[in-house]
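Sharing a structure here in C-alpha cells format.
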Amino acid sequence: MAGSHDALKNECYQANMELNALGLVIHTFGNVSAADRDRGIFAIKPSGVPYDQLRPEDMVVVDYDSKVVEGKLRPSSDTATHAFLYKNWEGIGGIAHTHSTYSVAWAQAQQDIPVFGTTHADHLTRDIPCAPPMADHLIAGDYEHNTGIQILECFRERKLSPEEVEMVLIGNHGPFCWGRDAAGAVYNSKVLETVAQMAYLTLQINPGAPRLKEALIKKHYNRKHGDDAYYGQ
Amino acid sequence: MAGSHDALKNECYQANMELNALGLVIHTFGNVSAADRDRGIFAIKPSGVPYDQLRPEDMVVVDYDSKVVEGKLRPSSDTATHAFLYKNWEGIGGIAHTHSTYSVAWAQAQQDIPVFGTTHADHLTRDIPCAPPMADHLIAGDYEHNTGIQILECFRERKLSPEEVEMVLIGNHGPFCWGRDAAGAVYNSKVLETVAQMAYLTLQINPGAPRLKEALIKKHYNRKHGDDAYYGQ
Amino acid sequence: MAGSHDALKNECYQANMELNALGLVIHTFGNVSAADRDRGIFAIKPSGVPYDQLRPEDMVVVDYDSKVVEGKLRPSSDTATHAFLYKNWEGIGGIAHTHSTYSVAWAQAQQDIPVFGTTHADHLTRDIPCAPPMADHLIAGDYEHNTGIQILECFRERKLSPEEVEMVLIGNHGPFCWGRDAAGAVYNSKVLETVAQMAYLTLQINPGAPRLKEALIKKHYNRKHGDDAYYGQ
Amino acid sequence: MAGSHDALKNECYQANMELNALGLVIHTFGNVSAADRDRGIFAIKPSGVPYDQLRPEDMVVVDYDSKVVEGKLRPSSDTATHAFLYKNWEGIGGIAHTHSTYSVAWAQAQQDIPVFGTTHADHLTRDIPCAPPMADHLIAGDYEHNTGIQILECFRERKLSPEEVEMVLIGNHGPFCWGRDAAGAVYNSKVLETVAQMAYLTLQINPGAPRLKEALIKKHYNRKHGDDAYYGQ
C-alpha cells in the first residue's frame, strides 16, 4: 500500500534534521535511521543529499539485509552497518552516525573516553569504547557490513550491553550512537560530543585527572536509569 | 489562592530560558530556582522537560524541605540541594545549576580556578573553589541534600562567604551558582563559564602564569562591589 | 543646542552594538567611544547597561578630562582611560575595550602575541604588546587614568606608534583597541581576537613555530597600508 | 554584449556568500572565484568589500592574465594567484581563499596536516600539504603571481595532482582550495577547516596518534571518488 511507511519516514526525517540543528554535521555528513521493529524494516537518510534539501519522502526504507523496500533514492552508504546492528540488537530502534569534531578526535587518537564526571555517568557507567581499526581483509570485503561486525565484536569482548552503552567510537573513523528510537540516537550523539569535549579539556587541565569514583558512577546512572530512577516526569 | 505564585514562577521560568539562551545547557540539563524569602518557598524547573516545551505554569513551587507547595510536575532532581542552600544561606534569592563545558572540565580536573585576571576579580576576590567529591556513605544517603552539605562545608573550611563568592564547583560534577535573585544566579553561571575558559587558555599559553596581584584583585572587586563602587547606574 | 551631539552619539551606539554582534562581549562587558576631534569631546557607552537595552540617546558625551558634557547616565567606568588616550594621541578617533576570550588569555599569560602569519601582518608589523601589570601605587590612585599612562609608557618604551599599532593588551586585564573612528576600533578588536586565537593554536601545534619573516611582514602590511597599497577600493 | 557574464558573476557571488555563511571568514577577508573555461575568464570578489554589502553585479570578470574584462570595482588583491592557477590547471573551475582559524594555525605552524581519519580520507588520500614560505626575492616581485608559482612547485615536488588534492596551505599565510566549480572550492574550504580542527585535537589527546592505515585511506577515498564510487545519488 502506497504511503504505508509515511510515519516511519517522517520520524527518520525529523531525527536527521535535528542532527543538523544540533551542530553535529556539516555538508551531507552523517545519517540517522529509524526502525519499525514489527515490520523488520528501517528508514534511513539518502546518500549525499544536503540537509536543507531533504524532504520526508526522500527517506529510503530498507530491510535488515539492506534491500530497498520503498524509495527512489540510493540509501546512505552506511546502510549495511545500520542493518547489521538492527539484525543483531533487537532492543534498539534508532541509529545515528556523525563525524562530530570531538568524538572524531578521540576516535583518531584511538582512545576510549574515560568516565571523568557525572555528565558521563548520567548516561552510562563505562568508558566510551573505541573499537580498534578494522583488519585489512575486512576493509577490502563488505566494508559497511563489517563495520557492524567490528562494533559487535568490540561489545562482546568488553562484555558491554547495547542497552546500557548506547554509543561507540570506531577507531580512526567516528561515532555510532543508538537508542530506543531515532530521536534517542540523536540525543545520545549530542551527549557523546559534549562528554568528548569535556574529557578532552579535563586532561588538558589535569593530565592526571582521576576517573569518577564507583559510588558516584552508580548513583548518577541509577538516578536516571535504575529501578528507582527519579529523573524526568 | 490560586495563581498566588505566578510572579515567582514567571521569574523562575525567565531565568531558566535565559540559561538556555546563553548556551550553558543542552537537552534538559540544568535548572534554576527563584526564592520568595517572605513566604519561605521557591519555584524550580520541573525535572527532564526540554527547554523549548517549558511554560511558566510548569514551574514547581516547593518549601525549604523540598515539599511541593504548588505544581503538577515533579521538581528538578536537584531540588534538595537548592532547598538546603536556601535554608542555610539567608542572603541568596536564586540558584542555578549547569553542566557547562569549561566549568565541568575544571570540576572534573578537581582543581580550583585561580584568579588570573580582572574579569575574575570584577566578580570575586578568591579562586573559585572546587569542593572535593563526596564521601561514599553520603552518596549512598540523601545525595542531593548532601550535595548542599558538601557546598556548605567547603565554604566553612575555606572561610568563604556566599555573599562574596557566589559560585562553586562540585568535584567531578559541575557548578552551582547563586545570587540575590534567579537572574543573578544565571548571570553568575555565564561569568563562571567565561572565566573558566579564560583560565584554561591562560595555562595553555603560559603554564607558569602568575595569579593576579592583590592590589588589582581589590581594586577591581571594589569598583563593582565596594562601598565606593562606581560601576553601573 | 539640544541634539547637537546626535550624530556622534549614534556613531558610538552603532559601534557598541557591533561589538556585541561580533561576539566580543557578554553581559554589560566592554565599551566603545567615538571622538569628535573638532569639538574636543567623545561619546561613550553608559556604565553597566545591557546591550539589548542600549539606545543611541543613552550614550554619554564627555570631554578629554572625563567631564560630562551631555547625558543623564553615568559614563563607562573606563572613561578616564579613553579620555587620556584621546588627549595624548591626536590621530585616533575611536577606542574599544573588551574582555574577549583569547585576547584576555594572552593578557593573563602576560605575553606579547608574536606575529606568526599574514593575518597579523595585514594589520601590524609588530608583535601585539602586552603591557606589564600596573605598579601598586598607581592602582591605588586614579586607576583608569593611570591605565592610560600605562598604555602610553608601554608604547614609548617600545617605540611604537599608535597609528601603526592600533591595539594593546593590559597585563592580567584585557585589550584596548583604537582606530580612525569607532567602527575602526571595533574592527581591530575582532582582528585582535582572531589573531590571538590563531597564535594560541599555532603554539599548541608547534611550540617552536617561527615568527613570520621580515619580507612577508613588510609585504603584507604594505599591501594594505603602504604608499602603494592595493587592497580595497 | 552587456550582461553576458551575469550567470558567471552570480555563481561567484553565491559562492562568496556561502563562504561567509559557513563561518570561514570575518570582515572582508577571503575571496572566491568562478571560471568560465570556454571563454578563458573568471569572476572574482572585489577587494575589501564587506560581505553584507556585496551584490552579484559587483563581481569583477578578468582573464587569466588578471586583465579586467568587465566590472567597475578593483578585483581581489589575490586575483593574480587565481589567474595563475586557472592558467596552469585546466581541470579546475573554482578557487577559494580564506584565513579560517584552524587552517591558518597549521599554516603558521608550517606543518602538513596528517591524514588521521576517514573524514580526511573521504576527500583526499594524502597529507594536506603546507608549502614553505616564499623566498625573499619572490616576495619582493609579483607577489600574488608568485604565490601561484609557489603552489605549483609544491605540487610538482610532491608529485600531487590538483584533481585529487584540492587544497593547500601556504606557510605562515593560509589555505587555497579549489574544485570543479566555485561551490566545490567553498565546500573544500569547509572540509579543510574541519579536518584541521580534528587533527589538532587528535594530537592534543594523543601526540603519538598514528596515521590512518593505507587500506582505510583507499577504501574511503574510493567510496566517494573511485570508479566504483557508491556515495551520493
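Letters A, B, C and D mark the chains in the order given here, with residues in each chain numbered from 1 onward.
In this section, a residue touches a chain if its C-beta (ideal position, glycine included) is under 8 Å from a C-beta of that chain, and two chains touch if they have at least 3 such contacts.
All values derive from a computational prediction rather than experimental measurement.
When every chain is reduced to the mean of its CA atoms, the largest separation from subunit D belongs to B.
After Cα superposition, the angle needed to carry subunit B onto subunit C is 90 degrees, rounded to a multiple of 5.
Because subunit C and subunit D share one sequence, their contact can be compared position by position; here under half of the interface residue numbers appear on both sides. With centres defined as mean CA coordinates, subunit D is found 33 Å away from subunit A. Note on chain placement: the centre of subunit B and the centre of subunit D lie 46 Å apart, centres being C-alpha means.
Shared interface positions of subunit D, defined as residues touching 2 or more other chains, are 204. Judged by the touch criterion defined above, the protein chains form a single closed ring in which each chain touches exactly two others. Under the touch rule stated earlier, the contacting chain pairs are A-B, A-D, B-C, C-D. Against subunit A, the residues of subunit B that register as touching in their complex are 26-29, 46-49, 73-74, 77, 99, 101-102, 104-111, 133-134, 136, 139-140, 143, 172-174, 200, 203-204. Those residues of subunit D lying in contact with subunit A across their complex are 116-119, 187, 190-191, 194, 197-199, 201-202, 204-206, 209-210, 212-213, 215-216, 219, 223, 230-233.
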